[in-house]
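Next, two complexes with subunit A in common: one pairs it with subunit B, the other with subunit C.
Let's look at the complex of A and B:
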């Protein structure tokens, strides 16, 4: 499909917001509170945060919630009754204001949830989501999207990508998918046809910091390296990196009982936790933190590229921003590139 | 309604067998006939067994696919879920989802002899393939089973051990760890690797299937190598912790290999390619 480029005036965004609301769409947008920017249900356009480089948390919970029911059960007079969750009546959602590094992360998540077995809970949720990407016009020292195949104006994963043309300027809207076209048809007047400049000059500049192909090839023979120990000595095993990551998909399944009824829930987990792989016998295949750090890096930069043909990292830099011990994934990857076997 | 991968089949506990202290076998039948009709599995596969309100736990299917209409699982009471399962009575409904994972390549073994070596609670993952082979007995030459446990009490499938002992087409050697024997014990006394060395089974046209605690496996492999078994002819199963069973939850992988999808059955040749992470 030829990408349809339209002009959206800066004051048209609010009109678009209102029209979507009138069409009973839920709008999930970045929201600043206590210094943290997270995605929430936006009641009004004014609530939406725009000044951030990157939201504190990723938007992955739109299709992969932090905790979600996978079934309900009750034990009563009629015996055991088990009900799956209703996937047919999920509301349509606009994911508004996603950075390209989050939008592209949806692709990585989808690969995990669809290799071989198709996870219909995830897929049904994602099906209802229309992604409004917003290109980056600024970046910081944690950003490295260009080192893992992305760009500050990457269209992958977005249904419509908005690029602001200059400070306080209008927006270039790239209509990328059928879901994007559906939105345009709801508010055709707001998406104006006009001669539009190239978006590149309005984008942030993010230098390439390492060669991802080289790193993937190197990791293949790097299992026994001492870098894992060196790099993870300061790791607290808190799992913050996994919780803010747009592509981390590891989860736990737990039952919650309330008297005679309850639910089975799926909730986020992290390979950084010591209990993650612990056997009932007490044996733990990844008994020490360095083994768990190695798993994190290997999974993202070696196992996923090989098994799923996609990186498990979008270069958003959140894990480094969130780490209470100041571990920096970019520095660690650069040092892996520099270490000789 | 779209398929919910996490939705278990309701299964009725048809029969409970007390195997050893803390170890039980459940015979499970499908509550819904339609589930039974579309269900099929092969020896080596596993599933997630659940008690609603407590959680799910991963075990192999311990029965043979050659016998239809039910599945069996054998488990030891150790954690939250196995304790809850252990508290279930005959007639109770539990959840089961599966089958997951790869299979023992039993069709490829046709014409060979089979040597089964198991320790303790690891006879169950092998029982499926033992009965599968015995039900197709004409396909194989000699069938030898070497099974050890810490004490006589800890031997599981005691009735089946008697059956195999009486069969002329099966050679069964049972052993208990030194000190684990009872006054009337007539089997071997000694650790499994020692007994394998003593029995010295032939490696000629023979496939060895080894399941047991890590320490038993570690010391049995070199004995088999000394007896001339090629790595390609030795099989085992890995038992990493799992939640989903189908390659999503992220905890069972050994390097790039997912035990739930690429395993649980591995040849020693495959195992040697893997990093030490199991």
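Let's look at the complex of A and C:
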């Protein structure tokens, strides 16, 4: 694909926001509340949080909502009537301020939702989303995108990637897809043609911390290792890591009935919960937390690369930041690399 | 914490306990739980003002309990939790040794839980000034304003249940919210589901919560859910003259006294 590079002046972003709003686009952007950043429907440009290294929540909610109705049903004289959701009229959404490690996660999510079954709901939602990635010019000790094939200026998953050229500088905009071009055409004056130098010098430096190929190969023989128990003793068994993760895709199906009618709802679930694998018989194949922790790592670094040719981890570090027990995925991956069988 | 390291080492070496639960340095400025099973690991134990996670949550955890007798480095909130857990028959003198840490960071080893209770009862549970102010503010709101406050605050909740997982009192193997046949509380995280979950959580903790803030500290989105349990504590103070966990198990919400001042109970 021919990447078109444009210059966007620092004060043009707000104009772009307003033009998109005038074109009745919904804009989801980072929003700061209680010291944490989540993606919200942004009413104004001023509402958008910019100071963060990483948003607390990933933006996956937009294509894979935490709670979504998948059908309505009612029982009446004419028997059972089932009504699916309208996938034709989903609103167009701009996902604004997504970090490259979040944008690349959309690819991993999509591969899960299109593996053996094409998830029409997920695909229809995603079709309506235009991703505005923003490169990282700073990072912290939780970041490890470069260890899982990413970079702080990775274009994968974004429709337009903005890179700020220095603090308070203008932006380099890489127009990456047709959806990106559609946006440029809405505000052509704001995307100036320009000879722009390389963006690399403006990006955060994230050192490579482990060899992902080596870890994937090692995991094949690691199922019975004691590291799973050692690493997960402090785990409290909540779902914080899974729910902030840009690639965790497990869900539950729940029926909410009100008399003779009701809805079927898809909602997030997590392999960290003890009842996630609980059978009706009472047997639980992952009866202890270490088995659940092993599943989390195996799924991301062994099963997904094997089946879907993609890592289930983008190195965003959200899980480690969110963990109430300070479990750190990077530290644990390094220790897996170092431990001998 | 030289005393703690020394004592932990002795306890492991003499097989007085199988595991010592304490804190170690985590990533950056964070601290995390440490389970000392070998004497040489005792040196990793630390204690300072950052060590606020309520470690009592681990003493009911299957994987830890199975190790055998436990010792725990316990600050005041942890000791309160232990007494509450003991009154609910979750822990006893045979499986737990309490290494108390005072407000002055001094180590006190308790011979038994009765001694821990005596220590704990010297201090009233007091809601801190910042949260007190917030409760007053909420109290002065109209019902509609308060409703809006909670709908807004609970909106981001995605039901990861970190609040439940971090709470020593939430030790049920299967929580009401995990039942789906029948479904008591909506499982999905939507407005009603979030509201019902947090109200239920507060209700189940009334007369049991010792105000350690573990739920709030665990919340990845920093939702001030601890205000709900604090409000319950405040009400308990107003109506029952306060609350202290006790080994007798005379829980605020499940105790009957013939001389109760309310008539309906006679």
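Convention: the second predicted complex is superposed on the first by the 340 of 341 C-alpha atoms of A that agree within 3 Å, B and C clash if a C-alpha of one lies under 4 Å from a C-alpha of the other, contacts with A are read in each partner's own complex, and residues count from 1 in each chain.
Everything below uses one rule, namely that contacts are C-beta pairs under 8 Å (C-beta built on N, C-alpha and C of every residue); 3 or more make two chains touch, one makes a residue touch a chain.
What you see is a predicted model; the values in this text were computed from it and never measured.
Peer 1: For A:66, is the partner it touches subunit B (first), subunit C (second), both, or none of the two (neither)?
Peer 2: In the superposition, A:66 touches subunit C alone.
Peer 1: Name the contact category of A:299: first (subunit B only), second (subunit C only), both, or neither.
Peer 2: The first partner, subunit B, only.
Peer 1: Does the superposition put A:36 against subunit B (first), subunit C (second), both, or neither?
Peer 2: A:36 contacts subunit C only, not subunit B.
Peer 1: Report for A:196: first if it touches subunit B alone, second if subunit C alone, otherwise both or neither.
Peer 2: Touch partners of A:196: none, neither subunit B nor subunit C.
Peer 1: For A:53, using the defined touch cut-off, is the partner it touches subunit B, subunit C, both, or neither? Pick first, second, both or neither.
Peer 2: neither
Peer 1: Using the superposition on chain A described above, determine whether A:227 touches subunit B (first), subunit C (second), both, or neither.
Peer 2: neither
Peer 1: Determine, under the contact definition given at the top, whether A:252 touches first (subunit B), second (subunit C), both, or neither.
Peer 2: So A:252 meets both subunit B and subunit C here.
Peer 1: On subunit A, what residues does subunit B touch that subunit C touches as well?
Peer 2: 252, 254
Peer 1: Could you list, by residue number, the parts of subunit A that touch subunit C in their complex?
Peer 2: On the subunit A side, the touching residues are 33-36, 38, 56-57, 66-67, 141-142, 229, 233-234, 236-240, 242-244, 252, 254, 256, 265, 267-268, 270, 273-275, 288-290, 320, 322, 324-328, 331.
Peer 1: Touching subunit B in the complex: which residues of subunit A?
Peer 2: Those residues of subunit A that touch subunit B are 70-71, 73, 75, 79-80, 82, 84-85, 87-88, 112-113, 115-121, 124, 223-224, 249-255, 257, 262, 264, 266, 269, 271, 276-281, 283, 285-286, 291, 295, 298-299, 302-303, 306-307.
Peer 1: For subunit B, which residues count as touching subunit A in their complex?
Peer 2: It is residues 1-8, 10, 50, 52-56, 78-79, 82, 93, 95, 214, 239-241, 243-244, 246-256, 261, 275, 277-278 of subunit B that touch subunit A.
Peer 1: Which positions of subunit C touch subunit A when the two form their complex?
Peer 2: 26-28, 30-33, 35, 53, 57-58, 62-64, 156, 158-162, 164-166, 173-174, 178, 180, 183, 186-190, 193, 217-224
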